[in-house]
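Per-chain residue numbering starts at 1, and chain names A, B, C, D, E and F are given in the order in which the chains are listed.
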Amino acid sequence: MKKLVLTGAAGRLGSYLREPLSEMADELISTDIVEDIGMTYPSERYIAADLANYEEIAAVLEGADMVVHFGAIGDERTFEELLGPNFIGAYNIWEAAYRHGVKRVVYASSIHAVGMHKKSDFIGIDAPHRPDTFYGLAKCFAEDLASMYWDKRQIEAVCLRILSCAQVTNARALGSWLSYDDLVQLVTRAIDTPSVGFSVVYGVSNNDRVPVDNSKASFLGYRPKDNAEFMAEKILADAPPVDVTDPGQMCHGGPFASVELGQSGLATMNIIDDKKTT
Amino acid sequence: MKKLVLTGAAGRLGSYLREPLSEMADELISTDIVEDIGMTYPSERYIAADLANYEEIAAVLEGADMVVHFGAIGDERTFEELLGPNFIGAYNIWEAAYRHGVKRVVYASSIHAVGMHKKSDFIGIDAPHRPDTFYGLAKCFAEDLASMYWDKRQIEAVCLRILSCAQVTNARALGSWLSYDDLVQLVTRAIDTPSVGFSVVYGVSNNDRVPVDNSKASFLGYRPKDNAEFMAEKILADAPPVDVTDPGQMCHGGPFASVELGQSGLATMNIIDDKKTT
Amino acid sequence: MKKLVLTGAAGRLGSYLREPLSEMADELISTDIVEDIGMTYPSERYIAADLANYEEIAAVLEGADMVVHFGAIGDERTFEELLGPNFIGAYNIWEAAYRHGVKRVVYASSIHAVGMHKKSDFIGIDAPHRPDTFYGLAKCFAEDLASMYWDKRQIEAVCLRILSCAQVTNARALGSWLSYDDLVQLVTRAIDTPSVGFSVVYGVSNNDRVPVDNSKASFLGYRPKDNAEFMAEKILADAPPVDVTDPGQMCHGGPFASVELGQSGLATMNIIDDKKTT
Amino acid sequence: MKKLVLTGAAGRLGSYLREPLSEMADELISTDIVEDIGMTYPSERYIAADLANYEEIAAVLEGADMVVHFGAIGDERTFEELLGPNFIGAYNIWEAAYRHGVKRVVYASSIHAVGMHKKSDFIGIDAPHRPDTFYGLAKCFAEDLASMYWDKRQIEAVCLRILSCAQVTNARALGSWLSYDDLVQLVTRAIDTPSVGFSVVYGVSNNDRVPVDNSKASFLGYRPKDNAEFMAEKILADAPPVDVTDPGQMCHGGPFASVELGQSGLATMNIIDDKKTT
Amino acid sequence: MKKLVLTGAAGRLGSYLREPLSEMADELISTDIVEDIGMTYPSERYIAADLANYEEIAAVLEGADMVVHFGAIGDERTFEELLGPNFIGAYNIWEAAYRHGVKRVVYASSIHAVGMHKKSDFIGIDAPHRPDTFYGLAKCFAEDLASMYWDKRQIEAVCLRILSCAQVTNARALGSWLSYDDLVQLVTRAIDTPSVGFSVVYGVSNNDRVPVDNSKASFLGYRPKDNAEFMAEKILADAPPVDVTDPGQMCHGGPFASVELGQSGLATMNIIDDKKTT
Amino acid sequence: MKKLVLTGAAGRLGSYLREPLSEMADELISTDIVEDIGMTYPSERYIAADLANYEEIAAVLEGADMVVHFGAIGDERTFEELLGPNFIGAYNIWEAAYRHGVKRVVYASSIHAVGMHKKSDFIGIDAPHRPDTFYGLAKCFAEDLASMYWDKRQIEAVCLRILSCAQVTNARALGSWLSYDDLVQLVTRAIDTPSVGFSVVYGVSNNDRVPVDNSKASFLGYRPKDNAEFMAEKILADAPPVDVTDPGQMCHGGPFASVELGQSGLATMNIIDDKKTT
């Protein structure tokens, strides 16, 4: 591949992807809204751009083969706050991809697009949308947009519905954890699979307690290696009692399923995340 | 019911709904973006408001029991043109409904939310979103929003996926026609059914050639009476040859399935529609 | 047919079936726990018997071709109260049928075997059991028993999951009503269909708002004629507001879905029912 | 339509189709293996041809718009006997259609392609093949052939899985009857629907006891009018006792499900059928 | 956990569970119908109680956090013999759990609840009940009871449908074997998973020839380690010829699928089992 | 096993099977159309026979316990060329098996029976037939034939839908590869499983990118060991750009999905295969 673009490069997950992606193309263009990203990898170049600004995004995507779109506000906010980066930003990416001949978008979608399904329903990649937050609603929007750009304009897309790519610190994460290594494998497969059409795949490690079903995305060859079970004994020993009437306990979205719309869901998880990422 | 709101009241479908809705509540508030709507029915009052303006919409919904939301640009346009009335407008309706205790939204969704499915697939109300246009994408967005407001805030919603509520002038309409009488029945049932949760139902008459499956919305009691078959002989005799590789012929969305994104789909059907409606 | 047996003949539904059944066989044996049933129809003979007593039931079934089993306590009670007539009674019927060469049992099952499913789920005859009461649990038990006697001993069975065979007096009944005429048709078809194996079919009229799906029992030829919609306007005008968090409003079982286990569900519906029937 | 071809024109069903088909095209070419077919309808011309002979068939199809393919041996025979007319004959029709630009084949398939499914399974048009005879196996072969010619060469096809188009003389026919009028409607719809791709539809009347599910072929607009139920009382009164272990009683294929492979199934039904038809 | 109860502690499977369960709670109350159970583990206390006696069971469950319910007659018997321990016993457990605030029941259900399904149908946890014996019918009863106590009273339940937890001595066991180690893991997961609602999971090892599908219970994290394949060569070499018309060979229930109702199924397997267990 | 027959013994796959099969029976009869096959294994005997000739085939099968049927033309050809060996040949095998008491046929079916399904559809063993070539159509024919011989005559069959049993030389093979070792395991399991009824199973290794779902054939115990992923890096680096509108890239059948009917598909893959095999 000649040119690859990574959005959200300054974010938590984006930061991890810069090095591996820089090795997959002659040139990696990293972009985010911050002015500077510090040191870059050999084939990497950083360009600051605002997702909500079509002209800036179009300039970044020009001449690219693929774009790995991880840029967005990575937490629940009000609809007004998310409208620019998460909604319009997604439109800008696909529209710029179309106009500039970019053949594929690898997109950081999220479990929160289907977060109100019950955890006891082993949902597959074809479960109907059931967002738990405006954040999740933006993921639904982008997935539907991706579906349309494939059907109408043959822009390929892989939507990675990431469960929780963070330290394993609570009972939910025993099932939902996505390790960084598995994240890298997932993004790699989404890039190297020769044809993907419009695809959806859950981003989750090979946990014993994995609550979602990736079998229908099998042809992508994503085979995670890590397993959160090594943390089970410690976490379950300390786990607080469960309220079985709390959607935050019973639904795939976890805390996002019980948080008030427009209020930070990460805050309830004590995840400090001051960067703009998924 | 004390107070009912109808948006898009100046539009093609909205115009037909004003009279029957005015008889279902003590007060019907009709609203649209035009300044004046002319004569009103006995219990009807008209208030001009811009869907894209939250404050104006909130003022209209205050104190209402339900809102029948038919307001939107009723054709394919660019994403930028649809963003205000069709996307933000939908958000404004549900958010205002929540803040003002409105218990249910009856929403004019559309077949174009699933328009890229093949006509030979007898899709049910649970078919995954597969929009054919930005217009259809806005319907997907509003349906997902409705699902979330039900799950998180118990605002009920009935999403009416209207197929084609217009004169029967082509072969597609033999299957997709929704007569005005059946439209009225459909909206009536969406209002009078005691509990609906989050529901989706196709808006289509009892046509011999009906291509979609409403069985899972059976509890709503929508039983259409009209049938486009009376036009079949004449239309089929004059029908041009079919190109079986044209998505516009093979997909549920009809002309919208083959039109360029952002370009009017109604124009290709020779439907003159100078009003802002579904 | 030479000899047909009807249990629960003194009950509300049984009373309606005596005359039509008496015309379908050379001899109809009606049975119930009461000592006397008054006047009998020409080919009818009444024998008092306790369902919970195998010997008494076996004596009644001897030589019969089929048994129409409507006998049971027809309301929610404690498990202890239902154990004899509803559980052991069902076992006695099938075991006696087997030992005496009776080839088919037509059984009054009930929607309460699946009453905790949501009304917005258009459940078919293959929906998993989800009883709402001990009363419904007894229906699950008898259906599973019937399945086993078919698989192991080739005793045929039709389980009629009756929704609500009573006057249309509330909003739920607009969907769930089974008219007496349709009940008679249903039982007739369950008897005259040449082979039925183990079958389940919902007992509900041709209501506009019918909430269940009988399509998979289509070969039985049950085609109901009545429709509760004629009562809709009046009932909906007077209907109290709905609490969307109340299972009694949202689930198929209606009041039984919200009643305390062991406490009469009919009482909450103001149905006076002092007889032992379904 | 300019030119339409009907094969099996001398057969039982073909004979009924000649007149209505002759009114649907400027020219109807009727063909069968017999030398002469007697009087012809105004726009009809008869050409004798052997289905097993590609050259003869190709000559008949030249210049046709569509072909209605009802020619075949209409009963169970040995594989060797069916190989020519039923297997190779089907290949010859589709291959000749392809080479001569015929755009659609309307094919008389049969319930016997899926005859070993249980009658209590309400099979849809997507039930897997489960033939009951070599006769049914030939129908499976032709359906798969039709699927392939559509996928690879865009030859459209409607496969009409006819249940039993004959007098209602036994209990099975109460569910499986296809009246001649409904047959004509079915073939008409298969011809006049603008686009059909590769479709399968059951050929059965609107019987109360209909055992198969046509809903997924809904877009074809086939809405049968006749109902075998008028014969039910008489037939059921005289019906012999059922052996529930006999596949001929329990399976969709009826007598074909229990007949020895290679031996006439119609003989067991006392149907005298000395013509070569479905 | 403070207090855990194990029923059927003197039985074959119960005996294996005493030690691991005694390590999972401050106090393990083991119970069975025998007077004495011999030596106990450090935190274990034995109380004799009759499952069929509510008062005795209620006394045992008082103050417990969870109950692991393995007590029952562990073989096919007549309905009358099973009624007390297997049917009424299950009711007593759930009712006592409800009245005493026990939050979860881990229940030894069985493959025999669905034993009449064909082995070539890879049944999931949502396969409809299809019991093969009165023993299996009691499992169906308890599962439906568990479903109801969850829906109505929020008592959680995990129903472990054990296939065959015994030595691998025949061809069926190559697929159906559950090793003791995997049994312990299964029960452990059923206890330590923070929320389970009403769940069903098959109890089977990681056999190459496993005939059932646990994927929908994935969130429980049960990942068996053992595999019966090490016995395959020896067993298959000695295996008697198969009668493909014998339900005992073709159905999930194995010998129970062909045994007469009411007669011991274990006897046909030469399993000596003189204890009261599953 | 006393006597086992292998057809297609001179073919590419057949050659690999001769040695392992010779160790599974007292006598292995290998057959193919060539006169001589060279050296034989200790218990092996070679008999030349033409699949299209019933008498020759019947002589080979006499007294056999099972037949492993791999004989056929192993590439796309015209229908006329395949009719003898692939269609009539299959009939001859099953008919001879029936007449001579052979209890099971293990059949080399192929992915090409379902080759027109999209690769992004994770098809199971119950996907409807959708052949991509006359070669695939012959596989459909034989599978349906096998289904019928099981339903009507209790001849067991395992249809092995082999994906691509050849060197891993292109991107498609990363998912579709079946190693020779796994082929041997697959055939072994198809032989040693005590009862199989009519079964279908995909023949594919344990590749990361496996595109089909074998879960419903789980009871056969086929657990492949090899994985084509070791070739991924090299192959993907050299892979030509993909045309997403080419069925050969997007469908399970690979090159067969885009080849003209009747023209060699292997030629497009540069596979030199001058033998008559699957």
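Basically, contacts are C-beta pairs under 8 Å (C-beta built on N, C-alpha and C of every residue); 3 or more make two chains touch, one makes a residue touch a chain.
This one's a predicted model, so the numbers in the text were calculated from it and none came from an experiment.
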Co-neighbours of chain D and chain E resolve to C, F
I need the rotation angle between the copies chain A and chain D from a CA superposition, between 0 and 180°, in steps of 5. 180
Across the interface between the identical copies chain C and chain D, with over half of residue numbers shared counting as same and under half as different, the residues used are different
Centre-to-centre distance between chain E and chain B (centres being mean Cα positions), rounded to whole Å: 52
Could you please state the distance in Å, as a whole number, between where the Cα atoms of chain A are centred and where those of chain F are centred? 41
Can you give the whole-Å distance between the Cα centres of chain D and chain F? 32
Quick one: which residues in chain D touch 2 or more of the other chains? 215
Check the chains against each other and report every pair that touches. A-B, A-E, A-F, B-C, B-D, C-D, C-E, D-F, E-F
Quick check: in the complex, which residue numbers of chain C touch chain B? 118-122, 171, 174-175, 207-211, 213, 215, 229, 232, 236, 239, 242, 244-245, 249-250
Going by the contact rule at the top, pick out the chain C residues touching chain E in the complex. 79, 83, 87-88, 91, 95, 116, 126, 128-133, 136-137, 140-141, 144-145, 147-148, 151-153, 247, 261
Contact footprint of chain D on chain C as seen in their complex: 154, 156, 192-197, 199, 215-223
